[in-house]
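Both complexes shown next keep chain A, but they swap its partner, so chain B is in the first and chain C is in the second.
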Partner chain A sequence: MAVAKERVGASPPPEQQSQVKWGERIIETVIKMGGISSIVIIALIFLFLLREGLPAFLDIPLRQLFGPTWYPIEEMFGMLPLLAGSLIVTVGAVAIALPLGLTTAIYLGEIAPPSLREILKPIIEVLAGIPSIVLGFLGWIALAPLIQNLGAPTGLTAFTGSLILAYMSLPTIISIAEDALYAVPKEYRDGALAIGATQWQAIWRVVLPAARPGLVIAVMLGIGRAIGETMAVMMVTGNAANIPSFQTGFFFVPVRTMTATIAAEMGEVAQGSLHYSTLFAIGIVLFVISFAINSLAGRLVGVDGVRRSRGGML
Partner chain B sequence: MSRQQAHRLAVVVLTVVAAIVVIPIILVILYVVWKGLPALSWAFLTEAPRNGMKEGGIMPALLGTILLTFGTAIVSFPLSIATAIYLAEYAGDNRLTRWIRMAIVNLAGIPSIVYGLFGLGMFVLFLGFGTSILAGSLTLGIMTMPVVISTAEEAILAVPQQFRTVSLSLGATRWQTIRYQVLPHALPGIITGIILGLGRAAGETAPILFTVAAFYLPELPRSIFDQTMALPYHLYVISTQVPGMPLEIQYGTALVLLLIVLSFTLVATLVRTQMRRRREW
Partner chain C sequence: MSNKIEVRDFDFYYGDFQALKGLNLDIRANAITALIGPSGCGKSTFLRCLNRMNDTIRGTRAEGEVRFDGANIYAPDVDVVELRQQIGMVFQRPNPFPQSIYDNVAFGPRVVGMAKRSDELDHIVAESLQGAALWDEVKHRLRDPALELNPGQQQRLCIARTIAVKPEVILMDEPCSALDPVATLSVEDLMRRLSEQYTIVIVTHNMQQAARASDYTGFFWLGELVEFNATESLFSAPKMPLTEAYITGRRG
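Entry: the complex of A and B
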């Protein structure tokens, strides 16, 4: 855009020109400061988490902080059960969402007739728009009793959380995976079909391998979405801060995630207490996990691609 | 199994899985509408809750969510648009630009409850705003920035380069070009981004838990330093914290929240379609 505007004949008289220049400079500075604001904000978020959460890391021995007992009334702040809870629910969600999401992306991108596609895509966008509290509410009031009827001692289990989380992360996984499939050049498909492959063979042997990096990113961001989800998970996982024993049906017992612990307990703690700063410390752990996932995904795709996929959520 | 059979089987499996994804979404929405519709009435929307929230309506929560949505717009709009203009029109291919993009990607990924912690630490306590509409709006506003920025930037980038070239060649400055040539054409796309962001903000619970939401507050807020009830938190409260809550009120509240949030999505989609139809290039 570097156009030599000074050379244009009809430029304003000198005094007006300097005015324009001043205004121009001010506006450009304001816009640039706006642009930098994202960096400032993310730094502020980290700083304020540290400010409130650091005492927990300093005052509680690390072995205890990541120990196996979360029992705040007795001043026992071991995050391990919460980490385990988040891990189980997230792994379960991914195990459900991954096959569903990738398959749906393939269906939408490669198989579905355009008219059907135009109907299905908005429906999936609607899913992205449903507030997590509404899904949590339905999970609590309708899904949990259903699961209990299937024979579990309670309907509020890690599995219930995983199921709801899976559907919540589906729009992310589907939209990014579809972008990845879309980015595979048409010549690849044509080439495969021309040498006699069926459409399925072309998809399975040519398109999917070519799209693999994008599909990996879709899964990563889906995991990021699942691990940070709060309200729905809090309502349906039963909030028991135990490490499930890996015996029978450990997936069908109540658990408590990191996010749910913050949401449930922050309202009751004294500001500045050890419990309070431990909840912020959990926030730091969540921040670091999401930062790692997103930075890695950003690096894998080149930041630009992730941005486009996220922006294209509608 | 021959190759053709494998192909046909694959198509069947793919179709079935897509149905497994899509059908529950439709069922969920129909279910909430079916269960919640009987509760909806003018009184439900305009009356305050009574008798420990077991009777009456949701007016303070509804109004609180509307106020918070406005507050979110006021916070998010200027920062996001400035960022989008900077990235689309000014940013060079350098380290600063990469850092900004990295920051936005990470902002988009931060869990909403962590935004809540940040709002509590910075706005409620450090800046002393207290649990207030101001603190809640700032928190929600920052949370919606990534969505608004990416949609707005795409809209700005979609304006053809010739528009800029012609304007500049006529002697307009860079900012005049952006102001009079680029932004008017990008406006529908920018508005789409804002509406999408606001829809997200209106439905969020975790960021407002510690920054603004009141458990039960029948009177209306008088200033931006007051607490307010909000629909998402109200739904959480009446479904899990109040024993013996009539189901009808719970489903009615869920339906109103769902309708508000989905109408944002719907309006955004309509604006976008309209924009595509009217585009002159």
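Entry: the complex of A and C
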């Protein structure tokens, strides 16, 4: 304890010192346990998923498992329609939410007068708290008939799901993106304006690049919300495990997502059956997808973002 | 020498607070004009009025005239963006963008649309960095992040970024306050050389800097311009007792 010896002059008397040390050690241990336990729990969840889902990977040939027919009663467990359903609904949701979310964030953070911002920001954050099932209701009652009127065979389609999901992830995207813009030092804007840039040039060429790490996080969290969402999507996408083809209207046909399949079928399978473990296998695939998205986000934000920017980090 | 900027009966308000009171002064072309005074005296506010940077602060109001080459910059038909291309500004804390050295200098020419071809842009960047006495230090690493430069280099980079759009006036808001003495001297040398081409107005809290680096000095006190004169006369024979008290360190 060379360090402790050097500090002897300033340290409290021995008995008090050991008390302080004990207190420190207890707090340290508690914090360490908290950190370790969350890692352990995540590892356990993954192990559990693997244990329950692995039989599906072992018993069903991969070609069949990722095949085009999901018909559990006939023991046909092809995940492709569900993957396609999740993909279409999520990509659709992101395509709608991204431009809307970022432009709203830019408006709030850069253009709107502070007084308006003070009013709008809390409102948007409250929207994030709306239970997803309520949005599902809204989609079912209000949105679906509207879409059917547009000429789709039914109102419960991938598009309906995307709209609801987009609406659901918008508050997250807006709120975090706006925080990222807000964190960009005012000096950057001043610097750009003082050379004769217009406000838009300053935003587009200086503020947005500086805020990029935070903006990527905003988008990724939005996508995360969209791909993991279950109940609302189950209500409005029509739950048909078909691969949408271009002939049948692609975006405007009923689909079924991976999450919705797990939720809908888990209640009626025999524990330990092949169907049961296939549902867990879907869970594993979902896990892998969201893990991939997260690490992609990490890569995008990564070293580059930290080194090059002072601002925009959360 | 002619006047580049003429300020007439100029008042400025933050909301109800009057920050500048009835200012009248002339800023000579191709000279260095220093503005000194205690913190909060309005010298920085005044500087930011000269290229209307205060427009970005809500609730501010200006009265009177600031004539740039004879035309009032507060006239309703003035294009502020164009004005700031002619009257550039360097800030107190070096504020290079989190981009490469090259992109920082090229920023202005790009947004203004000065260079049609990339070799023209290269030329402007090189010329500006040379003008800011930074070229020799960075010519081999133009693609490196600007934030890896030391503060003195960053400030000279900001000066290069400003002169890249070929302004007529450069406003400097305490440009050396975040720099060490060596970097400060190099920026002062640079100002001297830049004044051959540009009109420079510098705000400084450092009276030695004003005395050694400027041609004209204005002394601000509580939003008023107490005295304005050639630097030598102001420091050697101040006319106002307040000026004398301040520069000899008895008030401030």
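Note that the second predicted complex is superposed on the first by the 261 of 314 C-alpha atoms of A that agree within 3 Å, B and C clash if a C-alpha of one lies under 4 Å from a C-alpha of the other, contacts with A are read in each partner's own complex, and residues count from 1 in each chain.
By our rule, a contact is a pair of C-beta atoms (placed from the backbone, for glycine too) under 8 Å apart; a residue touches a chain by one contact, two chains touch by 3 or more.
Given the structure is predicted, the values throughout are model-derived calculations rather than measurements.
In the superposed arrangement, does A:Val134 touch chain B (first), chain C (second), both or neither?
So A:Val134 only meets chain B here.
On the A-aligned overlay, A:Ala192 touches which partner chain: chain B = first, chain C = second, or both, or neither?
Only chain C; A:Ala192 stays clear of chain B.
Between chain B (first) and chain C (second), which does A:Gly35 come into contact with in this model arrangement: first, second, both, or neither?
first
Applying the document's definition of touch, where does A:Gln201 land relative to chain B and chain C: first, second, both, or neither?
Once the two structures are laid over each other on A, A:Gln201 reaches both partners.
Applying the touch criterion given at the start, work out whether A:Val126 contacts chain B, chain C, both or neither, answering first, second, both or neither.
first
If you stack the two complexes on chain A, which partner ends up touching A:Gly298: first (chain B), second (chain C), both, or neither?
first
Once the two complexes are aligned on chain A, which partner has more residues of chain A within touching range, chain B or chain C?
B
Using the touch definition from the top, say if A:Ser86 reaches chain B (first), chain C (second), both or neither.
A:Ser86 sits against neither chain B nor chain C.
I'd like to check the shared interface: which positions of chain A are touched by both chain B and chain C across the two complexes?
Touching chain B in the first complex and chain C in the second, residues 197-198, 201, 307-308, 310-311 of chain A appear in both lists.
With touch defined as at the start, can you tell me which chain B residues reach chain A in the complex?
These residues of chain B touch chain A: 3-4, 6-7, 10-11, 13-15, 17-18, 20-22, 24-26, 28-29, 31-32, 78-79, 81-83, 85-87, 89-91, 96, 98-118, 120-122, 125-126, 142, 145-147, 149-151, 153-154, 164-165, 168-176, 192, 196, 199-200, 202-206, 209-210, 232-233, 235-236, 239-240, 247, 250, 254, 257-258, 261-262, 264-265, 268-269, 272.
Can you list the residues on chain A that touch chain C in the complex?
113-114, 185, 187-198, 201, 205-206, 209-210, 307-311
Which residues, counting only chain A, touch chain B once they are in their complex?
Counting only chain A, the residues touching chain B are 1, 3, 5, 8, 10-12, 20-21, 23-24, 27-28, 30-39, 41-42, 44-45, 48-49, 51-52, 99-101, 103-104, 106-108, 111-112, 120, 122-127, 129-138, 140-142, 167, 170, 174, 197-201, 203-204, 221, 224, 227-231, 235, 259, 262-263, 266-267, 271, 279-280, 283, 286-287, 290-291, 293-295, 297-298, 303-304, 306-308, 310-311, 313-314.
Hey, which residues of chain C end up touching chain A in the complex?
Contacts found on chain C: 51, 53, 56, 58, 81-86, 88-89, 91, 93, 95-99, 107-108, 110-112, 145, 147, 158, 161-162, 164-165.
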